[in-house]
Structure formats: structure tokens, C-alpha cells
Amino acid sequence: MNLTDQTWLWAIPALPLAGSALCGILHYLTIKARMPKRAHGAHGHDDHGHDAHGHGHAAHADHAASDHGAGDHAHGGDHGHGHAKVEPGLSAFAPWIAVLAMAGAFALAIKGFLGLQGETHALESPAWDWIDTGTFRIDLAIVLDRLSSVMTLVITGVGTLIHIYAAGYMKGDKHYAKFFAYLNLFVFAMLMLVLSSNLLGLFVGWEGVGLCSYFLIGFWYEKGWPAEAGQKAFVMNRIGDASFLIGSFLLVKLFGTLDLSDIVAGVSGLLGDPEKKYELLLAGLFLFGGACGKSAQLPLFTWLPDAMAGPTPVSALIHAATMVTAGIYLTVRLNPVYAASPDLLFFIGAVGAVTALIAGSTALVQRDIKRVLAYSTVSQLGYMFLGLGTGAWAAAIFHLVTHAFFKALLFLGAGSVIHGMHEEQDMHKMGGLKKHMPATYFTFLAGAAALSGLPLLSGYFSKDEILAHTFAHGGAYRILWGIGIATAAMTAFYTWRMVALTFFGKERFDPHHVHPHESPSVMTVPLMVLAVLSVFGGLLGLPPVLGSTHALEHWLEPVTAAGNALLAEHGTHALDHGTEWMLLGLGAVIALVFMGLGIRAYVGGTARDEKVASSAPGLARFLQGAWGIDAAYTAYVVRPMQLLFFVVAIVIDQFTIDGMVNGAGAVARTCGDRVRRMTSGNIATYGLWMGAAAALIAFLFLKRIG
Amino acid sequence: MTVPSSHLLILAAILFSIGVAGFFLRRNVIVVLMCIELMLNAANLSFLAASRMHSLDTPGGRIDLQGPIFAIFVIVVAAVEAAVGLALVIALYRRKQTVSLDDVVDLKD
Amino acid sequence: MSAWLHLFTLELAVVAIALLVLLWDAFAPAAGRAVGWTTALLLGGVFAASFFVDGRGTVPHGVFVRDEWVVFHERLFLAAGILGVLGSIDWLATRTPKRQAEYYALLLFSLAGMMLLAGARDWILLVTCFELMSMPLYVLCAYGKQDGPASEPKLAAEAGLKLFITGAASSGLTLFGLALVVGMTGTTHVGGIGANPAPLTIVGMLFVLAGFGFKVGAVPFHMWVPDTYQGAPTPFVAFLSVAPKAAGLATLAIVLLGGWSADSSVWLPVLLVLAGASMVVGNLFALPQTDARRLLGFSGVAQIGYALLALGAMSRGGLAMTLFFVATYVFTNLGVFFVLHAAAEEGGGHSLARIAGLSRRSPWLGGALLVFLLSLAGIPFVAGFWAKLFVFMEAWNAGLVGLVVLGVALAVIGLYYYLTVARSTYMADGDRTTPVPTGFALRAAILVCLIFVVGLGLWPRPLVEAADRAAAGIVSGR
Amino acid sequence: MANALFYLVAALSVIAAAGVVLFRNPISNVLSLLFAFFCLATIYLLAGFQFLAATQILVYAGAIMVLFLFVIMLLNLAPGPNAPELERVGLAMFLRRKSGVTIVIAAALLILGTSAVLGTHDTAVQAAEAMPKKGLDAITATPGSSEGLAGEMFGRYLLPFEAISMLLLATAVAVVVLAKRSRPENS
């Protein structure tokens, strides 16, 4: 049953959007107040308000014509104040606005959650005929169903905590208000992604989160490399987005509608037609390509570690808890599309498992604490896709939720450490921090325990559920299960290596220069809340074998019913209680054993890393560079493309334009030069090109008319 | 004259092709402009030839006028292009003291 | 005559402003910024009047038709003209203070040509309007040939000559082709081609299409684009990069969809080849560029490819989305070039290195540039997102799957080089921290572009509806 | 007789056009072009387009070619002591790089045009015959009359006529802008 006409649902995304706008205005006012008088942005009414006379650099001839120049001299002096510590000014209000907007959205999300009990499966806002020209119509509505309700609670709930944390973390930044404007805008886009009723709204959110992620990764662009990392992340995301767009075009072609619920409902009707079934498979594959981009799966995952250039709250919110889970959300949302094709499901599971393994092993050797967490995130997302690959939609969402809790916690904890260590991120230069920052330490422990899957914590249940489903499928899935178990062992090891290097052992920093200190309570309180959630989050999905109902699975039943019905046609996979107990036990043992190994190896310091680096340098390098994937991109994608470009340019050049004169000696020139020679600047050459092309077109033309 | 109109059309095509070839082959920008004029004249001849083709079949010996009218407009266009083109040549010559297209290659990557 | 004179109220007004400006200069020369502001304000008045002047109708013999299509284009060209004038005021007043009126007059003549072009349904009128539009552009390209940023070579004359020679040659091509077309069909009416045209008509149309391809800067007739953009005065390039292209696309639509839709199987493959080649060449060649104007030139070639793709959908919706695309492109590209102009005037050049650090020195200029670049790349919350999305949607609906996939993939490359420009403005320059000086008129022009780009990004509906109504004038039905 | 004259003049016009491309001296180019224009005017006369023939001579020969000559003399491009070196033409021009492609393109255009003309003759005549039946308002006049021409020019084609007058005005402004020397305060 759906409740319609719930206009208030629009307020959920609208609140962060309004917050973003307000913070943007605050940013503008702050900048304006900070700017030297009559600077750009302070729109004066004179034409010559910005002449540079007073500012010391060479005046242009045009400025000489200015008759306002005299007025500027009075203001020439107030330049050059430092950028280090900046008075917040009006921007001090920004976090209040942003957090209030988030809290409001969270409250509304809870209201929606409470309204979804019993037989109510979804709340719908009235449809808004957003574009309607007669030939072209797009309706947009907000739909809060069981799945988007979970997502919304996570986004707004964890988001609110991270906003509060960021209020402390970003204090003193000169673009304080801008940060919150971007962050709120991100939440708006993310909410559009999960709440919109049709593919178009979803796509707006899908691209929107990429944009905000670009802004936020590059937030500290003055350092240089964050701007580069942001560009890389954005472009790699866009590759996925392109795939997503093509996939959704295919869906529209198949179903004749953009509406998600119609698409979901229509899948079973298509399966009789093998051609349509094939197109459905293609659509699913392209959409999964989009999910790979957004959720950092093979082969598009290399942007996520680089995205750590952004401020830590960004890493926690966008690159751990929310944006990167969009791919999971999309797959669950369209679950019948995937359930219709077991081969596609296996492919997804395999991609997830291999990604989990590669990223997990890479995390073993990282020294930068945020990069460990980044690779861990990629690895955990791989788990979620493994779960989706088995058709365990609820298990994937369960892991998504618990992962949002503990990974946000770990990132924020890492941020607290970095903050306390004066922007140091290298774990080899930490150690023994537990006595300096106890609150961070204890909460971090909770997060680490959950991530590594220590028994009875949230991560334990969610991860083991995915592995149990994989095991139950049998056949080739057993290989994936083996990969999953191996990754679980690595996860426990690198997690506790990180804890040991950071908090245990001797202090490896210079105590005269670095004075670690605990973060203010505005940062530690969110940590504590998240710690509680990380520990008890498992209650959402206790396995039936423990004598409880899987609450989340039950909750999501209306959403996953269509996919499950299709899966049931291929047979069901159930485990007997004995096997299930055995798997739970195995998970617990592996987590505990590798936790012990991890701590033992690194509690004494960094010697172990150095030993690995010296005894097996090749392996260390291999792991360090994520199995050489980035290098492989350069070698197998970028270089061949450059080569192709080069060859094409030479061929064109040699055989049509300058070949008779230049000969083979020109081959030695660089690729860029070759290309440039095609636009040589000589009109006669241009004319030739046009003529040759016109002849080609004439050929085409005449071929048409025979 | 009882020459078939298609022969006029072929003459126009020949003149146009010579114009195109000159446009490609010559480097003196004034000669290139002349070649463009030649191309426009070939267009005019085509207009008239086609007009004549229709006139032959029009009852009562009346001639089709659209070709001649179009041709008059083309003549004006040609005059305008010659004037502007030559003015541009003068402007360029003042800057670079050349009329060779081979020397006008500063704009490139 | 008086029965249909009212159809040309706006065009006559534009010509009248041109004459007024020339007379003003003749009797009271060196009027400072007043000439420019007067032109802009009067044009603004004409733009406002376009909402009240309600002339719709056809000139006898169907030489000219004023319908929603024309009204849409008149407003678009007027908007581009107003912004083009606003963006040039400060540059002219400082660079050639003694010679301003001619610039505005020529721009206005060109504008009048474009406005007439949109309604032309007769080959003779079409050709004369094309010339009226193009000829002032050749001259404006070489305007201020004695000046330019101090550190850059003075290339305006070369840019003008290159545009002229390629333009004149393509005019010759078009006219020769038209001679064949008109000769074969026996009528100068654009819609006279009809089904099953004679082979010679098709050859003629090939020449005509090549001429139009030159005007919109589609591959392989694009060579003039980067050269001209690099050499001509930047405020003028802003206008050149949008208005004539919009006019060229409008003409293509009139000729192909309006006049020759009966035999689309003949020209559609050619159009699609042009579209695909423009997307590929534009995007790939933009990648290695280091001069921002050349980069934007190739980007413009790529954008035309997308517009042609929507045109190739051959439906009312596809045409409407072409218009939507072009309209957003007008505001976006004007904005980009204006910001670039502001940065380059002070930085002394248009290379990416010269505009580095812009957003640090003038956050608003940097922010505006980023917004425009994102719009060109097709990112949400700005107009370009909808433009690209709608274009792809319509082309997909028309079954152009391969080209849509190609376009979507190339848009990724597009994002890369647009962000490269953005990144260079983010990079700290170091030696200068003072805000970039911009005149009031230029700032106003940038602000207007920004409002349109962001506003249409949040609320594209009015423009989509207007474009749809306009498209109905060319392609009837749905 | 008239037919033989046509073929003679046509051959002369082709030779003259070739001279435009092949002569080295710009003055010779101009004179060749002038001669070609006269040939064309003769052909117009033979074909019964008296008014066009007159316009051809007045505008092209009388105005445009004089303009070309004037610019050549102004820029001192004719051979002489201080003139720039003349462009290499003739065989040398064809041996220059890229010229192979040029010749191919020009030949292709020629073949394309000729074959289309030859292949189209019957269809074109048929189309012309079909014209009145299609109801298109073909505009006609008695041969040799410029009245009809004027009537159409100021009737149906009044609008293009006005547009071309604007074009001429704009051209006047444009040429002044281009050719005027910049004033000293800007250089």
C-alpha cells in the first residue's frame, strides 16, 4: 500500500538545499567583508572601480584613461594579510545552519520511517510535472519506500553527526562557510538520488554527488594535488556516469518509461522475449558499469584512494558512508533487472570479490592512515557487491548500513588523530597515541573491532551474512567465498595493524615539535554516537539461526520481492543450521586470529613493514600500488591511446599533407607536434582538408542516390 | 543560338573547377581572391544556363527570370566580397608587408 | 508593402540603431562609453519590445515567414547581441576610444542579418542575409588590429583574413550549388526541392551543405574556428562563437527539416557524419591545447557536433532540443569568453598559464568561469546538463544509438579538458594577488550569463517550452 | 554561326581562366580575369540575357577589376625594382607539396560536375516541363525585357533587395574601418 500526496516529503531534500544556499550567501558575505574595499565582487557603480593603480603592478594603457584612479590610492594598502588564521566572521553561523538543516531532514526521515510501518510500503509526494511541452514530459516525485527510508536515515543520520564533527574539524579554515555549502549541497544531491521516483531524478543526483565530490576533494586546491585528485575522481566517475546514462537509455527503450516502480514491475513481463531479455542484460551491465564508477569497483576504483586529498569529514561522509554506496542502492533498487540474469549476478559477485581482495591486500602495506581506510572502503564495497551477486539484497544493504557506521567512525577517528598530530597522516610517525587522545582511542577501537568482524559486533553479522549466502550458492560461488574469507583475514590484519601503529607501542614522533592532543568535544561526541551504533548496529539483522528474525530483510521485503521472485525460479539456496553455525564460528575465529597477528606484528613498531620492504621489495611495491592497476592504466590505456593518436596523425600527415617533403625523419617528433601539424595555420592546407572531406561526402551522397 | 543548355552548365563546371584549383594552388592572396571571383562567375553562368533551360520549355517563348535575378544578387555579393577582401589584404600588408598566404601562418597550435 | 512591414519591426529597429550610432559618431565623435551603453540599452529596448510586438505572418510569395521559430531566434540573437555589446564596451573604450561606433554598427548589421535569416524561406533572401550576417564578422575579426594584450603577437588581421578567405570560398561553393538547385527545381523557394530530386540538385545541395557546415564550424569545415578564436579580439570572439553558429544551425534546420524533409535518407547520413566527426575531432583536438581560446575553439566544434546530433533526430522534439542546446550554449560560451577576456587583459595572454590563479585573486570571476565550464561539460545544476541530456535523449529516441554512445563517451573527455582549464585557474599564481580589474559593463555581461546558466540549470522549463513552440514552426506534428 | 561563336568564346574563357591561375605576374592575372569576364558577357548576350551582359561588363570589368588593379599597384606588387619576389607558377606550382591532392580534388569536382550534368540532362528537361503542372509560380517575362526583371526585383524580391542595400551600407562602413590607418595615440 502506498500513501500518496505526502507533500512534506519534498522538505527532506529541500532542507539541505536551503542550508546550502544560506551557507553560500554567508560565504559570499564573509568573502566580501574580507576583501579589500572596492575589490571584485563588491559591485560598485563606477566603471573603474578596480583599477590597479594602488596595487603596485604595471598599469595598462587602458587604465591610464581612468579618471577615477585617485580614489583608489586610499585602499591600496590593505592587501597581503596572511592566510593562516582567519577570523570566521559571519561564516561562524554556517555550521549551525548546516547542522540544523541536516537535523531537520533527519527528523523528517524518522517521521517517514514511522509512517512506513505495517502495510504501508511507500510514501509518495504529489508528482510535479517538471517539464511538460506536449512532446516532452518529465514528472518528478519524491518516493520514500522501505529502501530509500533506510538510505535516507543513514544519509541524514550519519550526515548530521559528520556535520557536527566538521564544525570542529574545519574551524579556522578561510572557506568555512563554503565547506558547509558544498557539504549540504552534496546531501541534497544524495537525497535526490535515493528519493526520486524516476531515473532522471536519480541521474541528476547521481551526477550531482559527483560534482560535489569534485568540489570537496579539491577543497584545499591551493595545495595543488587535491585539485588534481578531484579532477581524476570526477572524470573517472564520469566514465561510470556515461555507462549509467546508456544503461538507463536502454531501460527507457525497453519499458517506455522513466519511472522506477514501473520499470521494476515490468521486468517479469519482458522475460518471455529472448531479444528483450538480452537487452535487459545489456542494460543491467551498463548500469552496473555506472555503479562501478560511483562505488569504486574494478576497474574504476583508483580514484577513491586519491580522493583522500579532501578534508577528512568529506572522506567520511562521501567516500565511505554515502556516495560510494550509490551503486549498491541502484542495484538493489533495480533488483529484478539483475535477478533476471544469473550470469550477470555472478559477474557482479566476481567483480565485487576480486575488488575486495585487491583492495584488501593493498591496505595491508599502506602507511597513510587515510589510504588504509580508503582501500578498506573499496574492499568493503566489494563485499557488498559480492552480496548483491548472490541475490542477497538485504544482506548488502545491511552491510552498507553497518559499514556506514563503523567506516564513518574510523574516518572521523583518523581525522581526530590527524588533527591532534598537526596534519600528520603517516602511521609510521605516530604510535602510542592512546594515552594522548583517549576518547578517540576507545571509539576507534570500537570501529576497528566492527570492521574486522569481531564476534557480535555489527560488521561481524553483516559480513558473515554475505559470506554465508555466497557459500550457500555452491558451485563457482565457492571460489568467491574463498576469496571473501581470505579478504576477511586481511581485513582483520590491516585493521589491527593500523590500530597498533597508531595507538600502541612507542611514540615515533618528535615530542618537542608535535604535541598530540585530544580533539574538542564537538568532534568526540559524534565519535561516541557512531561507536555505539557500530557496536550495536548488528541488531538490525541478527541471523535467524540466533533465534531472531532478520529485521532488515523483513523490512525490505516489499522492495526485494520482485527480484526474489525471479531468483526463486532458479532455485533457492538455504543452509542447514549446522553449516550456518560453522560459518559463524569460522568468521569469528579468523577475525580473532588475524587481529592477534596484526597486533603482535606491529605493536612493537614499524620493523615488520621494513622487513617486508627489504625481503620482498617486488611484492611490497606490487601491493603498494594496488596490484599495479594505476600503472596498468597508464601502460595499457593511456599509452596505447597516445600511440594510436600518434599513428593516425602520422598517417594523415605523411600521406596527404607534408609527406612528400618531410619524409620519415618527421616520425621522430612528438605526438603533440604531429597533431598540431594538422592545423598548420596555412589556409591552403585548410582548403585542402575541406576539399578532401567534401569529396568524401560527395562520395557518400552519390552512393545514396546510386 | 541553339547550343544545348547543358553545354553552358559544363562550361560553368569547368570554370568553377579552375577557380577551385587556383584557390588551392596559388599563394598570392590577391590571386586567390580572383579565383573566388571566378567561382562566383561560374555560379552566375549556371544560374543563367538553368534559367535558359526552363525558358525553352516555357510556353509562349517567355523566359524564366529567377536565374537572372539571382545572378544580379550574386554580382553584388561578389562586389562586396572583393571590396572587403581587398581591404583586408591592405590591412594585412600594412602589418606584415606580404600578400603570400605562406607567410600568414602565425595562428596555429 | 505596408501590409507586411510590421513583421520587420525588430529588424528595422536594429538597423535604425546602427544608423543612429553611425550618425552620432559622425557628428559627435569620441563619445567614451556612451555609444556602447546607448547601443546596449536600445537593444535591450528592442528585446523587451519583442514581447509586445505581436507580428506573425507571411510576406507575399512566402519569401519570409514570421512565426514562433523566428520570434525565438530573434530573442536569442538579440540577447547575444546585447551581451556582445556589453562585453565589448570596456575593451573598445580603452583600446580604440576614437573608433567605437563602427564596431557597434557592424555588429548590429550582422545581427539584423541573423534575425532576417531565421525567417527566410527563399534562397535569394537566405543568401543575402547570410552575406549580411557574415561580412561584418570578417571585418570585426580584424578590428583593433593594431592592439591586443601587450605580450601577444598582433594577429587580428590574420584572423580576419583567414575567416574571410575560407568564408568567401564557402560562399562561392554555396552559390554554385544553389545555381544547380534553383536551376533544377525551377523555384527559389527553399521548400521546392521535394521528393526524388534530380542528381544535379543533390550535387548542388551537397555544395550548399558544405557552405553551411563551414558557417557552423562543423568538421571538416572547422579549420578556421581555432585560428580565428585565437587571433580575433576576445570580446568579439564571444559573439562570433555563438550567434553565427546559432544562425547557421537555424538555416540548416530550415533547409533540411523544413525544406527537404521529403528525402532525408539522402542527407541524413551526411549530417550524421558531420555530427560524429565534429564530436570526435573537437573533443580530441581540444585535449592538447594550451591556449584557452584554441581549446574553446575545438570545444565549440565538439558542441556543434552535439547540436547536429539532435538535429539528426529529425523530430520536433529533436529540433526543440537543438534550440535548447544552442540557447544554453550561447549564454555559456559568451560567459566563458568574457571571463577569459577579463583574465587575459590583465594577465597579458590567453594561455592557460597566464590565467592561472584567477579564482584566488577574483573568486567571483573564477567561480563564474567554473560554472560556465561545468555547463559546457554538462554537469547538473547548470544549464548545460539539461542541454546535453536532452540532446542525447532525443537522438536515442530517434534510434541514433551509436552516435549517442560515442557522444556520451566523448563527453567524458570533454569534462577532462574543461576541468583542466578550471584547475589552472585554481592553481596559485604567486606573483599577483590583487583582484583582476573588470569594468562594470563586462561584469554586468558576465553576471547576466551566470544568471541564465544557473537559472536554466535549476528551472529549464520556460526555455524548453519556448524551444518546443519554436520547433513546431519547422517540424509539424509531434 | 551563333553556335560556333559560343564554342569559340567558351574555349577562350577557359583559356583566360587558366591564365588567372597560371600567370605569374599579378597584372597578367587581372587582365586574364578581365578577358574571361568579357567572354562570359558575350555568352550572356548569345543566350539572350542582355541586361546581365551589361551588368557583367559594368560591375565586373568596370568596377571590381579596377579595384584589383588599384590594390596591386598600391601595394607595389607588379614586377619592378622594389616589388616582392613573384610566386613560382606553372609546372613548379604543380610540383609543390600538396598539389597532387589539389589536382585530384579539382579533377574530381570537374568529373563530378560534368557527369552530373550529362547524366541529368533528360531529367532536368523533364523537370522543367513538369514545372507549370506542379503549380509553382515560375516567373517569366518576354525575352530581352528588363521590365520583368525590375518588376520582380521590386516585387517579390523586394526584401532581399533591401537586405542587399543594408549589406552595401555595412560594406562601406567595413572598408573604411579596415583601410583607415590607425591613429597615432593607439600605436
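For reference, chains read A, B, C and D in written order, and residue numbers begin at 1 within each chain.
Methods note: a contact is a pair of C-beta atoms (placed from the backbone, for glycine too) under 8 Å apart; a residue touches a chain by one contact, two chains touch by 3 or more.
Predicted model only: the values in this text are computed from it and were never measured.
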Winner on C-beta contact pairs when C-D is weighed against A-C | A-C
By CA centroids, point me to the most central chain in this structure.
-> C
In whole angstrom, how far does the Cα centroid of chain C sit from the Cα centroid of chain D?
-> 30
Distance from the mean Cα position of chain D to that of chain A, given in whole angstrom | 64
Go ahead and note the Å separation of the Cα centroids belonging to chain A and chain C.
-> 37
If you average the CA atoms of chain B and of chain C, how many Å lie between those two points?
-> 27
Residues within chain C bordering two or more other chains | 95, 124, 127-128, 131, 135, 138-139, 142, 145, 162, 165, 169, 173, 183-184, 186-187, 199, 203, 226-227, 288
What are the residue numbers in chain D that touch two or more other chains?
-> 98, 102, 105, 109, 112-113, 117, 120, 124, 128, 131, 138, 157, 160, 164, 167, 171, 174, 178
Can you list the chain B residues in contact with two or more other chains?
-> 9, 16, 19-20, 23-24, 27, 33, 44, 49-51, 53-54, 64, 66, 69, 73, 77, 80, 84, 87-89, 91, 94, 101, 104, 106-109
In their complex, what parts of chain C are in touch with chain A?
-> 33, 90, 93-95, 97, 150, 162, 165-166, 169, 173, 199, 202-203, 206, 209-210, 214, 219-221, 223-224, 226-227, 265-267, 269-270, 273-274, 284-285, 288, 315-317, 320, 345-346, 360, 362-365, 374, 379-381, 385, 389-390, 392-393, 396, 404-405, 408-409, 411-412, 415-416, 419-420, 423, 426-428, 432-441, 443, 460-461, 464-465, 468, 478
Contact footprint of chain B on chain C as seen in their complex | 123-124, 127-128, 131, 135, 138-139, 142, 145, 153-155, 157-162, 164-165, 168-169, 171-173, 175-176, 178-180, 182-184, 186-188, 226-228, 230-231, 288-291, 294
How about chain D: which of its residues touch chain B in the complex?
-> 2-3, 5-7, 10, 13-14, 17-18, 20-21, 26, 29-30, 33, 36-37, 40, 43-44, 46-49, 51-52, 55-56, 59-60, 63-64, 67-68, 71-72, 74-75, 77, 84, 87, 89, 93-94, 96, 98-99, 102-103, 105-107, 109-110, 113-114, 117-118, 120-121, 124-125, 128-129, 131-132, 138-143, 148-149, 152-153, 157, 160, 164, 167-168, 171, 174-175, 178-179, 181
Under the touch definition given earlier, write down the residues of chain D that touch chain C in their complex.
-> 112-113, 116-117, 119-120, 123-124, 127-128, 131, 136-138, 156-160, 163-164, 166-167, 169-171, 173-174, 176-178, 180, 182-183, 185-187
For the complex, which residues does chain B have touching chain C?
-> 9, 12, 16, 19, 23, 29, 32-33, 36, 39-40, 42-44, 46-47, 49-51, 53-54, 64, 66-67, 69-70, 73-74, 77, 80-81, 84-85, 87-89, 91-92, 94-96, 101, 104, 106-109
